[in-house]
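Below you'll find the structure I mean.
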Amino acid sequence: MRIAVVGASGFTGAEMLRLIAGHPQLELSGLFGASSAGDPLAQHYPGLDRKNRHQLQATSAEAVAQVADWAVLGLPHGSSARLAAELLELGVGVVDLSASFRLPAALYTEHYGDHPCPELMGSAVYGLPELHRQKLPGARLIAGPGCFPTGVTLACAPFLQAGLIAEGLLIADCKTGVTGAGAKLASGSQFCRVADTIMPYKVEGHRHTPEIAHNLSALAKSPLKVRFTPHLLPIRRGILSTCYLPLAAGVGAKDLRLALHEFCDDEPFLHALPSGLQPNLARVAGTNEVEIQVVCDEQTGLAVITSAIDNLCKGSSGGALQALNIALGFDEGAGLSGLSATLP
Amino acid sequence: MRIAVVGASGFTGAEMLRLIAGHPQLELSGLFGASSAGDPLAQHYPGLDRKNRHQLQATSAEAVAQVADWAVLGLPHGSSARLAAELLELGVGVVDLSASFRLPAALYTEHYGDHPCPELMGSAVYGLPELHRQKLPGARLIAGPGCFPTGVTLACAPFLQAGLIAEGLLIADCKTGVTGAGAKLASGSQFCRVADTIMPYKVEGHRHTPEIAHNLSALAKSPLKVRFTPHLLPIRRGILSTCYLPLAAGVGAKDLRLALHEFCDDEPFLHALPSGLQPNLARVAGTNEVEIQVVCDEQTGLAVITSAIDNLCKGSSGGALQALNIALGFDEGAGLSGLSATLP
Amino acid sequence: MRIAVVGASGFTGAEMLRLIAGHPQLELSGLFGASSAGDPLAQHYPGLDRKNRHQLQATSAEAVAQVADWAVLGLPHGSSARLAAELLELGVGVVDLSASFRLPAALYTEHYGDHPCPELMGSAVYGLPELHRQKLPGARLIAGPGCFPTGVTLACAPFLQAGLIAEGLLIADCKTGVTGAGAKLASGSQFCRVADTIMPYKVEGHRHTPEIAHNLSALAKSPLKVRFTPHLLPIRRGILSTCYLPLAAGVGAKDLRLALHEFCDDEPFLHALPSGLQPNLARVAGTNEVEIQVVCDEQTGLAVITSAIDNLCKGSSGGALQALNIALGFDEGAGLSGLSATLP
Amino acid sequence: MRIAVVGASGFTGAEMLRLIAGHPQLELSGLFGASSAGDPLAQHYPGLDRKNRHQLQATSAEAVAQVADWAVLGLPHGSSARLAAELLELGVGVVDLSASFRLPAALYTEHYGDHPCPELMGSAVYGLPELHRQKLPGARLIAGPGCFPTGVTLACAPFLQAGLIAEGLLIADCKTGVTGAGAKLASGSQFCRVADTIMPYKVEGHRHTPEIAHNLSALAKSPLKVRFTPHLLPIRRGILSTCYLPLAAGVGAKDLRLALHEFCDDEPFLHALPSGLQPNLARVAGTNEVEIQVVCDEQTGLAVITSAIDNLCKGSSGGALQALNIALGFDEGAGLSGLSATLP
């Protein structure tokens, strides 16, 4: 299967290149960029192309269609949607890593503005296999979930699905590594702004909030309100989500643990941690794994759920590749078996 | 005023030494340790004694009383209380940095076990000037507040005091630097355990929870439940507290901002940040300052309050020194005027 | 091929487990420890055994020989040598990651004391394929090179071998990540000792100096003196070596670059970087790659050579696995093809 | 004494503001910027102006002269020299933190190009009190030394001055924190470029080399060649210099130690560390202190000298303030007495 990466100089594009290099059935057949067109890949990521064999080409649907059966788009949501439409027209399958196809049309318009090709929105499959595995085989347009929504949705789904949560409010206090801000030169990503602190940001409102609410309300008995607060960590990769959910009457620690295992134990990338062990970003760095823990706080009637993912891998390119594997009928974990080299 | 530091090889003791060195009216007249007795201070903290003039002595109430008018105790809560009793008996004023005198007797016993000198508990003044300034002048036994309780209490007090918060539940999601774990050799403080992640810990329950609840319930119209989750950051100093409180009916952003300014603007160390600027641990590192911000989340009916302190300074030795300054009739900010050298 | 790891709770042992998990021809058939015997592997490294299938057994030559054809020893040099002798006797091939078999007998005794089985020293092959590839096929006892010697030897070898270096002195100023200090609880590995600085250590003398001198003197026209200064970095993995070598008369930048390419270009893991690009530890983290750069300083008559390796991978378990692959007739890069997940 | 800071939005300007705030005899009477003119200081450094009292004005010699007796210039070397000339003309004393007045005219031209006011170069005093204290009283133009030259010169001076060093070559392998790169938005200062590695840079040649050579050749019996290699550390502040100097015949460890103490012991900011203790950047962060250690490597005939400074403080604004104190007849350490808050 020939695959092209568009936006190959960005962080999610680069992560996809890393994963494709270890995938037994995917052949990288083209790299595309905009301002980086013409550059050798090694100029941007020397470690991803040690033999200096790859060059970025200028992006056009025709150029991509000429070389690839599928394309991964690591682009801003506007241009991503337009290109996706053209590629599908030309018979190229699309994995879109932007927000273009993650939300229902009305919700998208409310938070991101007009959509360039609303007619396509219904045909996209939301690429979170743990909730939508059955819709993926044969999909031609896969919407890669947002990084925070991946971490929070997978943390909370086990308990909502099992009916253990009362009506009300989810508070998701999330902490992300700096790669989440992308490769663009930005004042907020300067070392001296990031080091020695943890920075709350977009506390007034973050666009991932409706995506989280949409995912989880579908599992809850009634619409769930979501308070989501992201913080920037002085580390490279990873999202730790600390989630607070109100327990339904009579629910105890045992119920929570059972629900967690029920949800996780047959999933290839979900890990219900043993009691007493908390999720660890170093342990999932560079992997597609998700670590989840739950604590029952009886005094306050809350489930305190924590999850750890790698924002670039399971939270973006890895999760999308897992979905693509299913869409193509490959082994779900193909190209995603590496262990974290961050630990020890 | 002659002052001695007991437990001078620990982190809070060392921080007190740093602050005393810059205090115009305090004279360091003795350093005491247990396992470190006999050591030069420079062996533990070369930067705190470049001329190698100080040596730690073995701790006894008599030895302390011989050299000092006041003593700062940086000890575990058990031994701290016993020594405090003896020192007061000998006429030495005591600043206790442990948990020994922070809680009402019943609450203490519930969470820490039997108290060695319960008769003293009522005479201690809780050293949080922003709430108890009027009780401090003339105090002989000052209980230094816990680090997390300092950060969370000062974040939430403005809004509880102003009556803007509904009955219910405080969720305090706190992130602390590694100095919070103390100077003791511990597996959880090894670099390779701490780096590249943020580690939730004591999620099942942390002893600072009742101290927070006690502080804030006194300000609320009714007892406040508290869910407190600490996380360990891969940085040295600082506590960022992200607090979620339910708004009383009809309360809006303007009310919150007014209450914040009312509470902070006359306080020497509290800073109500301008809208859009979030608290920053680097900016308060090494200082006694407290940065606070509030955001009104109308969708969920929550006040999202964030505060930043230095856990060793305002969260421990600095806050205690501020209280001591008041007790002794000194300028409240004496020895506490340094600006953060972490920024830029 | 059945392989056992002895010392599986240490950092080099754990790294070998990570690599074996991705190796197509090696089957992990046993894990052994001393104080950790009886523990599940997941207790020490949850990320290395998510299904909780492995348990550490008490170490004995017999127990190892029962389950394995080859054993990797991640042990202190004393006990390592004794076990190696017993294992070889029982027909088990040995990859030794300690210093036991790296040096000629006389040099070993001078720096490490008496050797428990000196008769074996001559039969060990020094596992640095780039210099000793032809001796590895069929080897039964492989001595994994030291981490610093790997980085410095590979940096300097190209220029010594090409005869471009004058008699004299190598200065190797090396910077290592904290995993180099091992998994043992140690005051020098505490976060608050390591963070926010770079710490020179063992400046008076480090045992890797004779290994470096021995490696390089064999390539030089005459014995090379070596000044080696290690520094501890506040990062997890990697060794950056900055090496200063005196140029032979008439040698210029072009000669250096030619020699570098000649040495590296046919090697699977060596990378002569293009001019202007310096080696980067993040780029080699978790990989077996070696990045090398050279600058000709005509003003001072020095070659300034820099190299980057991952101390746990190419500098220990990865380099040893590369050597084992050759010894066993496998593809040299088997199990070593992963790209760094640290970048971006 | 009224003092103005020009270039107050840069890192060295900001550091000078921090130090002036704690200086008993200096009154900050003006802040000037270029692109930042009109901004409140608190917009750039909220922690330096918590009461929001300062605003940056547009820079002109007249505007500065109107409010200040002395000006500190934290500007690029070109514009700095021009402004210095105008200010001196208007009777304003100048502390210049750029390279404009650090070098003899010929050397300056060789490395920085034409000088805008060469006639002034001779009248500047190089602000390194440890070598030029006697020239400072009454000075009107002080050239603040470069950060690397400060660290390396103070490390090597004791031994060159004592005649313990053979003719030949200094190798200075230096490691600096990221604040050394300045406040400007730059790709090389992005967190994901700096973290998890140590980056050699300008290995082909760095402009601080001639300044180091000039300083030290004046102390040596004959011109000293200098090989200087800077590396970028993933920390905020500090320069660790590891220096290698050839010993003169017959020189031993005792001679080196004697010379070190002779040079340091009467200096207010120099600290000859006891044997076995290496310099530590955390211990000098935010201070004007210099820690120096020396090891005698008899095998190679080298003195291995290490020094630690804070690049922004002693290496720039602090060292310059020390010089200014002398020039003005103040106590040399005025405003420079703070201890490091980085430790513990």
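Each chain gets a letter, A, B, C and D, in the order it is written, and its residues are counted from 1.
What we mean here is this: a contact is a pair of C-beta atoms (placed from the backbone, for glycine too) under 8 Å apart; a residue touches a chain by one contact, two chains touch by 3 or more.
If you're wondering where the values come from, they're calculated on a predicted model, not measured in any experiment.
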Considering only mean CA positions as chain centres, point out the chain farthest from chain B.
C
Determine which of the two chain pairs, C-D or B-D, is joined by the larger number of C-beta pairs in contact.
C-D
Let me have the rounded angstrom distance from the C-alpha centre of chain C over to the C-alpha centre of chain D, please.
39
Distance-wise, how many Å sit between the C-alpha centres of chain A and chain D, to the nearest whole number?
46
Report, in whole Å, the distance between the mean C-alpha point of chain B and the mean C-alpha point of chain D.
36
Residues of chain D that touch at least two other chains are 179, 183, 192, 195-196, 234-236, 280, 283, 285, 342-344
Enumerate the contact residues on chain C facing chain D in the complex.
169, 171, 173, 175, 192, 195-201, 203-204, 225-227, 229, 231, 233-236, 238, 240, 242, 244, 278-283, 285, 293, 295, 297, 299-300, 302, 304, 306, 308, 342-344
Residues of chain D that touch chain A when the two form their complex
178-179, 183, 185-187, 189-196, 234-236
Any idea which chain D residues touch chain B in the complex?
11, 14-15, 18, 21-22, 45-48, 50, 179, 183, 236-237, 271, 273, 277, 280, 283-287, 289, 310, 312-313, 337-344
